[in-house]
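These notes concern the structure reproduced below.
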């Protein structure tokens, strides 16, 4: 119940068109009303695109193909674009069965349904340190593109061959926000942050072995960055980085 | 050496006003030239405000008062504003001795010298979960204000009394970016992120005891946020959050 | 040997109906007597339902189907209800072969045999943060129901959409104890604890990825809760939460 | 604004005693109204004793004596009892200066002001494993007593001399809830839980050295308890255990 | 109540010299009787030297000088030897005030009162890796000597100069049990264990810096020893190693 | 080369029966001689049973069946008993093919060949906390039995039903050394150590889930035991415990 | 663009053979030029063998067979030797299909193509502690041999039988650099370092179980070595050790 | 006893100049002789400069000033240079009292006595990332210089201003080995390693706060370096890095 509706209701009370106990009821109901569809195992949030600028996104991890498909339908049938992350083949098949134009991005493990959205103002630069970081980088790219952004990919530009990232200076400088995906020592965000004057979002990946501890080394590397423009998301969370970059690019 | 200088030099070579070996020398020198002042123990970066939109900031931790004062003079005498973080009383005295209008923010442990800077476009909302988180929150506030931003403080709005943060909904919704400072379980960024459609920067603090492990609990809580607009900086890094929020607010 | 039996025995000694060496023997035997059936690989505790108000529960993890079935028979043939947790299909088949009315709860991975038990006094509220937390939530629910409690389920009410849990305020306020199941940042118990005046039992789950570290993030989040009514059980220990909630609900 | 006030307001709207824009204002204000006193550095929660059965408790850690005294006055002047935990001598002096009957419990590091409260229904049993665990045990005891409970202390009953805790069987069996405080290996809650049929709240302490890692060993020991009635609070959190035990004892 | 006392009591019941309710009382009392002196803050175990071959030892850590002195008197006045570990100067002074022949071992931080005890059968070899490990080694030595053992010290024989420990082969081979104290990488127990055919007790110390993590490196090194005769005690637990070695040497 | 051989050699030098350069050679060779058979991938230690009282034991983990069989033959053909730990079915088949009387203990995952050895002097008591700890307990038992000891098994006597272990007091008191195998919170060794006056060897197991962290909780529990007679071996290292117990039982 | 090219260009500018805007272009292009081939998913570094003395090496982990084969061709067709580490059978087949003389080292999991390289000056000694450490030791050996070094292998010389490594003193003393590969407690590098006067490179392996934590114990052991000539590479990083040893051996 | 001495002895035996039992004695004594001076608390290794090319170095940590002075005298009176690391003022005074030309390096916390040593063949480059890393860098420098090396210092060249380290390319390329000292994210070694073809020794420092965890972040960053020429020493171990670099520079 928005302020205008409230004004309308009160006017009708004043004019005697509705009695007070009915108005009490209506006001109480409005306070009780749930802005989401309850599927039992999940509550699909229909107000999110109003509240937050983009619709609810589905984390595929730990959900059955059937659950994913049911949630997907709830989202798409209201005209929203769809993004399911961490989705396997089986989930993709289940969703395609109920939504014709669903697409599966095998590399990025995402299911998408594209819809018209407001375009971001500039470009998002996307760097990755090594070839093995690509799935996470692509998750970020697919997310950002679905949300209306132009993404410039710069892959395999790790710090041990510093000339590789230096070669991209111009592209980096023209971006409005930069996503840097890196495993192992996670040093790339610090170097990139020293080259640009916009926010850098670090995405540590679980790429590595031994003392990389599934991404902890990269995560700590980024959190301790000596550059002051680096903020960090969870290990392997390409999706989150894509969202935040999109938010910044839409400001 | 910028492109215009290069063009000028080459024109003079063409016109025979300068011979080639002198030009070779000049070009080589330009490549060798260091864009920083070398104090032996530190290299003060004079190009940074050009490259990154704000001048070098001094991390006071592990530097002597004397070192800090010397670096401060290098920065201020070129007309730059000054920010020294993690500075104690002794450092403040040393700086004030050489810079008249230096200010010490005891609570935030910062030394500042204010100069005219470009203003950010909107407001930065700044929430903190508990009273003990204030020093870190103030570090973020002092940083952001020095960099030209308007900061709206909302303190002691932790999640265990959820009505406190809900009471600030309007202020939060009107901000261009939100900083959330929290120790203990670090849950506040997730809740705030669900209320706004702009980027949220989480700052875990070392406030707590026992299994808070000096801020690890809060850090992990924020990294694992179920909200997709939260990125995180190092434990107790109010300064970094202030910088990133300012960058976003200047876009 | 209870006090009444002791009194009886001593009366017989006094009356010369039994001589002292026989009485010494009897008393010594009573002290030696094992209140459990020894199966070699396991000791089934027959006094537990007397001592603790509910019979021994079988942790399926690390036991063979055959071992589980043998223990199950020992428990059920004395008229006790049966609960086997962390049980797979194979264990369920083995138990059903020897106990007709055994039931397998596939989602909760539990085998149960229901028997009449004392009913709890009020309701147990059961919240879970995300769809992927359901198996653990259901383990808690099945446990609590078997032990004689009414459980009110509120699923997918995570903190990033705070209105979802706020919508259940009435249900939460009417419960005698609340179980909150959450993975990722584990923030939900703090929020719920701020809404009720009864004990809240937090169950961290291993749901998440990256820096969730198999549930450590959620565990630490709950242990550091700024609310003072939250106590915590082991990661994924829905069963333990169900037991404790039942104990509280029977007080 | 309660339902009755709403009804009153709407009646006046209907009767034309108040015009609609004034009513809109009043309703909006009610939604904005904060149920707490904002001291700038802290928000004192005046509705808490209504919402949760006991007033706001002050965590002394990280607050100045002056801040603590100001918050204390806010709480006491509304007739509430006062509890400040983790308070040092200086804080106690500051509070006593403004509140005549404030008491300092040096051992438990708590400041209290006792007021009439609803009494708990039974006794709370309180065990501690070693002499060094006493400060935390006393924090739990002081908390529970202030909240209206009778506490039975059983100190220095660690598991390496199992006869010591067995000697308290009767006292333990007659309690409505048990708090067990233990450092080092944290094994006592498991043993106690096997002796009673009521909830056991484990409080790991930071007592120990070497591989006790500041209480982690005790914490993990309790979380992994093979007994199903043990839930756990943060390391050294005697206060939390006292609150939860009191809640259970008031059910 | 021993079996003979029970036999006596029952005879008196049979003979009518005592009525059954008194006998019930007496038997119940016997079960309740505590084999320890309760000082409130501590329970001094008087049966321990019977049960375990040596009297209760006092861990000084976390106890006040006054508490230590009171416990010490309880132990010594029954003719037992005294050992207080982790004791500082103040505790020593407090104990000496009440026990004339108490001795303080400053290096080992122990207070002792020597009494006649059963001698161990052979020698205990005691190796330490570096000079900084001596306090812990001496704690082990003082403990073992008080308990009646001959200790052969071999100090500063770390593995990086392997000839140093090889030079002690004869002494090592003639011992009945070996204690090896080492910080840093904790490799010495493995090497020593390869040279002897008796049990080796490893004591990791907190000596080191950086990645020694307060003794974790040494602890893990010893736990992972490729030698099959090494068992390990807590970091810096010289006392425990002395006790176990003494037990083995008395077998 | 023993002292007698040296004496003989020098006599021949003195008598001119051998010239000095040949003697130099012989002495140098003696120093070079390797007391082991080198298989390339492994060095089988033939002097070990002389040096350490029992022959080399083979850790199956990370060796191929073929490598294990070759090492086994080297050991057995010199008349030694054989023990291969962490061996799977395939390794057992490979060994049986070349050694007729090899036995596979499926539960304990060990291959053995029994030979006459010196008998230990008393019994080894072997307790395990839960049914799932049996494989590790059996590894300890098989090891100790092969090395000539009588083992008394007491299984499923965890601390949450303290009467179970108390029922074995007599058996425990008559042992010369006790092995205690426990996962989860690892509390059993402390309790057992309080009941006996001989060394207790704790074996933490990886049994458990969630915050047991693959045995870390049990390991820390045992290392922090408040009993002073507990030493600890690696997680799941039943074999090591069996060896050490045997060494002690042979003293 | 080297200095000579620059000189040539400027001469042509001076002589009017090229106009200044073309020269500006050429100079800018030179700065932009990438010294690598961009395959989209990877940038193959063609200048590396010039810059660093050996060509780019391919980490097979996380790359598809197809990606590996494409990169391999890029490297080999310029006359470089090839090394792919962490390569499985499938990758080997893909590479062999496009490069005739590629070899697969199954044990070391490496693919190599041998080419003439500068020989190292002396020998590299390579010790391993146990049989299970061989795959990592072989990775180091294959790497060092491909890079032109003579490697002397000394396998299964762990510290628990110290005579085994002492038997290799001469070989160790004659090496120019030593690689020591060890899992479990990782003590071997300290012992070896005490025997030689050249650098020792420690390679911790993930061999072990329980508290070896996938190589952490060995890693910490080596980092804390009391010998001052030990430096360490990542867990299981035989390749890195081979490279560094080769660099040292080529000095 | 060297081979020549042995030859001499045997000749005398052959010639009857010495009888065999005396020769046996002499040979046995030689085997017993300890190549170190035993001070009780320490064994000073006199053969080390023969065995390892430089004399024993004293780690000041955990030793008393008096112990340090006694060891220092033992070393210097044989004509060796002296290095005491981690030495405080008090230790320096104690050493200067007994050794006239001892020097204290306050910044590097080292005591040195310089003596003629063999010079290294080239230069050692020494980079540090930030001003706060200087004490550790200086420890490395003092060590390397004492051992006969020329050290080129490049301080405050962290990766967030990549042009700073690029400006030192020539100096780096001309070194024979590089030491890189860095705290926080520890990324500098990777970048430097990509610029040179000689070994790089990484020294992580404990500089940083929050998630730097006392140097763990930097340590992990270096261990996971994507460059293949980086090996690592313990956190803050400047001394070790200086030794290893010197060894390499003397090859």
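Chains here go by letter, A, B, C, D, E, F, G and H, matching the order in which they are written, and residues are numbered from 1 within each.
Rule of thumb we're sticking to: a residue touches a chain if its C-beta (ideal position, glycine included) is under 8 Å from a C-beta of that chain, and two chains touch if they have at least 3 such contacts.
The structure presented is a predicted model; accordingly, all values stated were derived computationally and were not measured.
Just one of A-B, D-E or D-F has an interface built like that of C-F, with over half of its contact pairs in common by residue number: D-E.
The chain pair with the larger count of C-beta pairs in contact, out of D-F and G-H, is D-F. In this assembly, the C-alpha centroid of chain A lies 40 Å from the C-alpha centroid of chain D.
Chain centres here are Cα means. That of chain A falls 55 Å from that of chain F. Chain C and chain H have Cα centroids separated by 59 Å. In chain C, the residues that touch at least two other chains are 130, 161, 195, 210-212, 216, 219, 223-224, 234-235.
By the contact rule set out at the top, the touching chain pairs are A-B, A-C, A-D, A-G, A-H, B-C, B-D, B-G, B-H, C-D, C-E, C-F, D-E, D-F, E-F, E-G, E-H, F-G, F-H, G-H.
Those residues of chain E that touch chain D in the complex are listed here as 32, 34-36, 40-43, 45, 48, 59, 61-63, 67, 86, 204, 206, 214-216, 219, 234-237. Considering their complex, residues 3, 6-7, 10-11, 13-14, 16, 19-20, 23-24, 27-28 of chain B touch chain G.
In the complex of the two chains, the chain B residues touching chain C come out as 129-130, 158-162, 166, 184-187, 190-191, 193-195, 208, 210-213, 216-218, 220-227. Looking at the complex, you find that chain D touches chain C at residues 51-53, 57, 176-177, 194-199, 201, 219, 223-224, 228-235, 239-241, 243-244, 247-248, 251.
Put simply, chain F touches chain C in their complex at residues 130-132, 134, 155-157, 161, 163-164, 167, 207, 209-212.
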